[in-house]
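You will see chain A twice below: alongside chain B first, and alongside chain C after that.
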Partner chain A sequence: MEKILQISNLTKSYGKTQAVRDITFDVKKGSIVGLLGPNGSGKTTIIKTIMGLLSDYGGNVSIKGEAPGPIANSRISYLPDVAHIPTWFKVSRAIAFFADFYEDFDAVRAEAMLAAMKIPLDKKIKSLSRGMQEKVQLSLVMSRRADLYVLDEPIGAVDPASREFIIDTILKNFDGEGAILLSTHIVADIEPILDVAIFLREGEIILHDDVDKIREEKATSLDQLFREVFKNVV
Partner chain B sequence: MLFKLMKYDFVYSARLFFALGTIAIALAFILGGVDGLYQGYRIMFAGQEQSIIFTPNSTFMQMLSIVLIPVGVAAIIHIAQFYHKSMFGKAGHLAMTMPVSRGTVLLSKITVSFAWVLYVIAVAMAMVAVTHIISPYLSLTLFFTFIDIGTIAFIVHTAIVALAAIPLLFFCITLSNSVFIGVRLNGIIAGFIGFLYAGIYAYLADRLTMRFTPAIDAMIMNPGTIWEQHTIVRVPLMGLQYGRIVIGQRPWGGHDVYIDIFFIALTLAIAAIAAAATHSLLKKRVSLQ
Partner chain C sequence: MSNNFDNKRPIYQQIIDRILTSIAKGEMAPGEKVASVRVMALYYGVNPNTIQKSLAKLEEMGYLRAERTSGRYVTSDAATIAALKTRIPDTIIGDFVAEMIGLGIAKPEIPHHVKEYIERVDKDGKDIAN
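And now, the complex of A and B:
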């Protein structure tokens, strides 16, 4: 199976604090990989390194053979853990923005998704509720035909009902031609869609395997295992 | 891609600059009215024989400068905020992860900011024109008499200085968001470097201004004019006494052309170095946390 993302011996420090240490894993085409860990375990640092938002790191990051940068960015659809689309944009302008800069963006698909959510295109993003804003962002990100979708805490700040919608949106728009790397500390909702789980603690990988294999070997659900491993941390 | 980026950068920053322009012009209307009242009182108390005043008086000039200076300062703050928020704020997660090189993103920001500097100069001129229209003791004809060599020299000089100052401002902001050996520099260090540069550049800019007025006069306005030794020139900034400019030891001549070209080239070189250094930081040292 083709490797979309390869990370080897990734190390990153903030001053004297080591954020991630000797991280090595890859993401294969068609798979959904979960970076799972409590806050401060290094999930976002790994994702920001992939997206070229952090420099001065050790090790190698390769997206289909490209180091983080403009070419790699053309292949990655990124959902950060912050509201990155200017909130004074109208929804229609946000669609136009994505269509202008991303060749693989499908505006028709985005409009259909937003229509299904009853989000008017002529509304300014800042006039929408936080949950709605997250849905707009996710719709735009998932309307690209990217090789890799990198989703940082896609369900971290929304209510349980919205989580279901978000997971549904991710699955509906994932055709298996690419791969998904997502981070979260809410495992229960995301467990059914994961193929591979990576547990992170204090910047190190403490578990990395297929989800089915983990369930079989540990005789427990991923969520239960996560709770046990991080019971005093989460 | 550059033009698409510029389009969005213009839209992103336009609201603040248009608001600034609107406020500035509104203040000019008030200032024109105040000048009318003030001049009226002077006529009333000074007597008919001394009452006809054809030029803006010093109080008017002071009031105008009190309004013009904050407009310039607000413009600089807007440009700094525009760059910082769009590159290192939440929107930076979008700007820095687009399939566009960081150099193109930076060029777009510099070009758009420079265009806003030209806009602010136009607003400042419009402000003075409005005060001349509104005040019954001033006139548009009088305004146009101030558009002379000094004004043109000032505008060209401001534009050239801005061309170097904008990349430097961006360099300092980028530096304060960069990481060296795992340590993120703070704004104080970046600010100190900017301050140091500003001190050196202020001296150079001053020299540039000194050369520029006679240069423009000799090259464009009055070809063939030789500026006399130790000539003291008052540069009227649209009516304001912008400052005294003392021309150098020699009359402006063939040799000085090279000095002028040197100062302009130096300014552009500083702009290029600041832009290249910013680009390098954006590529290799940026840390969006």
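And now, the complex of A and C:
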């Protein structure tokens, strides 16, 4: 399978602190890869490097042969770990904003998704509940036809119904043409949709395998394994 | 979305078992068209690649058959389905026995538990007391 994202020997330090060390993995077309680890394990640093938001790193990062930067970014649909759409925007304006910005944005799809959730388009984003805001963000991000979707902590919302919605939204819009890299520290809900799991601890990869293989070999769920490995951290 | 998968086995195997049960029960009728990978992925709340893997294995096993352009169908072969119907109780009993042993119930005790239970339920397996 074609590799959409390739990272080799990525190292990044902030001053004397090494945030990530010797990170190597790739994301193949049609696959969903999970970056799993507690807060501070380096998930967001890796994602920010992919998005061209950090310079001064060691190693190599390539998105379909392109180094991180504006050209690569036009092929990546990115959900940051903090809200990225101005909250004074009305929902309709956020849609127009995405349509202006991204050639691969499917406004009809986004509107259909938001309508299904009964989110009024003429409401300001800040007037929606936090869970709803997250749903709007994810719907917009998943309405692009990108090569790579990078989702940083997509399941922040606490209530289980929202988690189910988020997983559903990801699955509904994942057509096998692209690939998904997502980070989380809540493994249980996301486990059934992952092809590959990468465990990060203190900036290093400590496990990297197919989820099926992990379950087969260790006779345990990914979630149980995660809790065991990080039992003193999460 | 019904992702009540057990923790010990790969999800694709558990989906294979669920589909086989549906075929044995006739919920998926012989010769019936199977839903698309997409639809099944949403139904089970799992990765489409997982469904793909399950369906490919079921094809290898002869329970499904792929038509090049129109998708996958449940086998129409009566012998295959009949063999499946005799195989499935074994799987269910296997899981049950493993659970009972896990609870610390000794092997020779298990039939007594079953017998006692059977006497308590009606012909549809419903508890008479309730």
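Just so we're on the same page, the second predicted complex is superposed on the first by the 232 of 234 C-alpha atoms of A that agree within 3 Å, B and C clash if a C-alpha of one lies under 4 Å from a C-alpha of the other, contacts with A are read in each partner's own complex, and residues count from 1 in each chain.
Here, a contact is a pair of C-beta atoms (placed from the backbone, for glycine too) under 8 Å apart; a residue touches a chain by one contact, two chains touch by 3 or more.
Keep in mind the model is a prediction, meaning the values are calculated, not measured.
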Partner chain(s) touched by A:164 [first = chain B, second = chain C, both, neither]: second
Contacts of A:70 with chain B and chain C, given as first, second, both or neither: first
Chain B versus chain C as contact partner of A:125, first or second or both or neither: neither
Partner chain in contact with A:56 - chain B first, chain C second, else both or neither: first
Chain B and chain C contact sites that coincide on chain A, given as residue numbers: none
Residues of chain B touching chain A in the complex: 1, 4, 8, 12, 15, 90-94, 96-102, 179-184, 283-289
Contact set on chain A toward chain B in their complex: 13-16, 48, 51-56, 69-71, 73-74, 76, 78, 80, 82-86, 88, 97, 100-102
Touching residues on chain A, where the partner in the complex is chain C: 30-32, 164, 167-168, 171-172, 174-176, 192-195, 211-213, 215-216, 219-221, 223-224
Residue numbers on chain C that touch chain A, as the complex places them: 1, 3, 5, 7-12, 38, 41-42, 44-50, 53
